Amino acid sequence: MFDKIISRDDFSGMLKDDMVIMVGGFLGCGTPETLIDIIIASAAKNLTLICNDTSFVDRGVGRLVASRQAAKVITSHIGTNPETGRQMVDGTLAVELVPQGTLVERVRCAGAGLGGVLTPTGVGTVVEEGKQKITVDGHEYLLELPLRADLAIISGSTVDKAGNVVYNATTRNFNPLMAMAAPVVVVEAKEVVEIGQIMPELVMTPSPLVTHIFKSEKR
Amino acid sequence: MIEDIELAKKIIAKRIAREFKNNQLVNLGIGLPTLVANYIPDGVNVILQSENGIIGMGPAPEPGKENPEITNAGSALVTVLPYGCYFDSAMSFALIRGKHVEYTVLGALEVDQEGSLASWIIPGKKVPGMGGAMDLVVGAKNVIISTLHTERGKPKILKKCRLPLTARHVVNMIVSELGVFRVTPGGLALIEINKDSSVDEIRANTEAEFIVSDHLKTMEI
Amino acid sequence: MFDKIISRDDFSGMLKDDMVIMVGGFLGCGTPETLIDIIIASAAKNLTLICNDTSFVDRGVGRLVASRQAAKVITSHIGTNPETGRQMVDGTLAVELVPQGTLVERVRCAGAGLGGVLTPTGVGTVVEEGKQKITVDGHEYLLELPLRADLAIISGSTVDKAGNVVYNATTRNFNPLMAMAAPVVVVEAKEVVEIGQIMPELVMTPSPLVTHIFKSEKR
Amino acid sequence: MIEDIELAKKIIAKRIAREFKNNQLVNLGIGLPTLVANYIPDGVNVILQSENGIIGMGPAPEPGKENPEITNAGSALVTVLPYGCYFDSAMSFALIRGKHVEYTVLGALEVDQEGSLASWIIPGKKVPGMGGAMDLVVGAKNVIISTLHTERGKPKILKKCRLPLTARHVVNMIVSELGVFRVTPGGLALIEINKDSSVDEIRANTEAEFIVSDHLKTMEI
């Protein structure tokens, strides 16, 4: 009935230069490492990455910075990956820093069909530059706009063959939000199970959001 | 005209059921749209969403297996299929508003040639409220209106809705017992006709202006 | 360590005239019926109710309409409770109709510290009356503002003594959102369990949001 | 001055740990603020939030019991207490921005007498990014800044921050090894002083203007 499981080659074939890719994970926890391997093995370049942080040079989404395949990163924190700072300084990588809670809401807006949100975060700081300020009930807010991607790659702990996803512990983070904000969503599954094996209340990303399932090659 | 209202509804539901492809996510409104689920062709798996928090909604439970904690958006007891799941109203409307639902099928008080819809209020007479309808028609990728062609002899497909709108310029397709219209940028186009009707009969019972498609087909039901 | 369980009298003592109360549930499914019994038994009047719908005269939040304790209802649907329409027509009940997805986001804004959201829902309809319209990327949106309450009463299926809540099946609906949008949150628990009995990934409302737990008296 | 930096940090952490009441939800930043968890008084249950998706964060795991799927916002392996739970980043920042977190404790590059904070960037030198800090200081009910009083002999508590801000007018309390300040509408007030320091020493090492509270107390640590 559902036929969502893909191979390395299938995933590789989806990659294109100049793509905007959302990558789940928080400092490498909950990141689809095999899919990142495949992107690194591909010729894809000039990528825009949307991710909570740029993790580490040797772990998580930060490996795509180290491999110099990214032209731009939209993220909240780059302090743990010296390569991000280096490329930013030498001008080969554009970095857009976004407060973490704002990054979450911008991704959520795209996934939820909202045109934007008003947040108090960043008012009176450089974050407000170029943004519309709106006053509600005497309080100032920034209008923050949706962030979309061409492709979202996420990491799931238990995924059934329909595409329902459960994330263990702190691997959840941005993954369920990114699963809503791109037309193509590939989940790297630690474990693939039969339909009916996941308690329906526990599903964190409903199956129709997941277009493809890739079985993780990591332990 | 098809005088038998139950037959007319069945024709509409059967025709709409043919529209879906395998594994598409679909939300069926209360009333006539709900009937569509009964006519999904064999071999096509349609994933039903219910805006109170279900994906993978199944049929009514067998007697003795009712669970009062599994209801649909009309408060009827339902079941959930093995691939189904539950979620809160924020996720539900993120799915709806965020273009993750392929088709929404809704009824109408009035629908017009510009694709605008009125379905939630008759001022001074009936004020049920819009529920999730305003979000569904704005957010779903495709909006199908299921409607009897006339009500008490009066056309329901109008030049311009007169009742307060549910949304403007959102409807993609209108299915009545007499035929199927597509809303195009150039206006309404009749693309299918019931074998027991005629273009003249449809013109006589439709206030909206419409063109007849060069590829007019017989409505398959 | 945690001491959140309250009695009928405790809850009754929290009720005041003119309160704004959010009530979880969807056409009566997932509504705290015992807490509603206690409100009906109290003298509280002139209430503002925020709820998905007004359910039925004899079930769910609609009983507070039938008891004439509500002066105003903010809701998306009143069609299943003839008493709501009757009181609206005779002028004793103010009804603010809000599209369901907008109602969700307005409650969520209050709970999440956001100043508002832009939604396409309602553009070109009476819903836009009195609201700011904002154009983003050539698309028109309505600015919808937060909805707060003094008290949220919700229904939980399994609640541990710390206040972590799991909602079964379709009883979830608005409950977890309302649990964030009021300073006092009382959950009517079908079942109260010891701490440690709920899988931490399954928790849908984290314990700090729940100020009080009331053991349901319904079957 | 307290020359031993480790001792200074311990003083700060111990003092902040006394601030919390039973069952309050608290978010401790990376670095010095993390130390606070070691000094929570017996009998006080503080519920720790970690912005990557935990409520009820516990201490580091025992050797051999590490789980790579349970990390904190600094990517350290941690545990979760029996009353704890996990959630996604949207819920995490809804909790943070929505005033559900009682206290956030953060470090500072600079903090000023107006309650503004700079903590995320030294232009041209160090650009780690703001992470969750901007949301935490805007959203938490109480913002406590934990900071050494000076860095390389230079005051960190200023009249006005010179570095780009994390947020303006958000800090409620500043705790250094020398004393405790409250940010009030009228300006900074020194409310507690380390028994080994003096008002003169604090004045000499503070750029900000401050009043000395009529109820100046000895810092309890």
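Chains: A, B, C and D, in written order; residue numbering restarts at 1 for each.
As a working rule, contacts are C-beta pairs under 8 Å (C-beta built on N, C-alpha and C of every residue); 3 or more make two chains touch, one makes a residue touch a chain.
No experiment lies behind these values; they were computed from the predicted model shown.
Participant: Quick one: which chains contact chain C and chain D both?
Facilitator: Touching chain C as well as chain D, we find A.
Participant: What chains do chain A and chain B have as common neighbours?
Facilitator: Chains touching both chain A and chain B: C.
Participant: So the centre of each chain is just the mean of its C-alpha atoms; given that, what is the distance between chain A and chain D in Å?
Facilitator: Centre-to-centre distance between chain A and chain D: 29 Å.
Participant: Which whole number of Å gives the spacing of the CA centres of chain B and chain D?
Facilitator: Computed from C-alpha means, the inter-chain centre distance equals 55 Å.
Participant: Would you kindly tell me how far, in whole Å, the mean C-alpha position of chain C lies from that of chain A?
Facilitator: 32
Participant: Would you pick out the residues of chain D that each touch at least 2 other chains?
Facilitator: Each of 80, 86-87, 90, 93, 96-97, 138-139 in chain D touches at least two other chains.
Participant: Using the touch rule from the top of the page, what residues of chain A touch 2 or more other chains?
Facilitator: Each of 105, 108, 113-114, 119-120, 167-169, 172, 200-201, 204 in chain A touches at least two other chains.
Participant: Under the stated contact criterion, what part of chain B meets chain A in this complex?
Facilitator: 23, 25, 45, 47, 55-56, 80, 82-87, 90-91, 93-100, 138-139
Participant: Okay, in this complex, where on chain C does chain B touch?
Facilitator: Counting only chain C, the residues touching chain B are 26-30, 52-53, 75-80, 85, 88, 95, 97, 99-102, 104-105, 108, 119-127, 157, 167-177, 204.
Participant: Would you mind writing out the residues of chain A in touch with chain B in their complex?
Facilitator: Residues in contact with chain B: 1-2, 108, 110-114, 160, 162, 164, 180, 195-196, 198, 200-201, 203, 206-209.
Participant: Sort out for me which residues of chain D touch chain A in the complex.
Facilitator: That would be residues 50-54, 67-75, 80, 86-90, 92-93, 96-97, 116, 127-135, 138-139, 164-169 of chain D.
Participant: For a test of understanding, state which residues of chain A touch chain C in their complex under the given definition.
Facilitator: By the definition above, chain A touches chain C via 105, 109, 113-120, 132, 134, 136, 139, 141, 143, 145, 166-169, 172, 199-202, 204.
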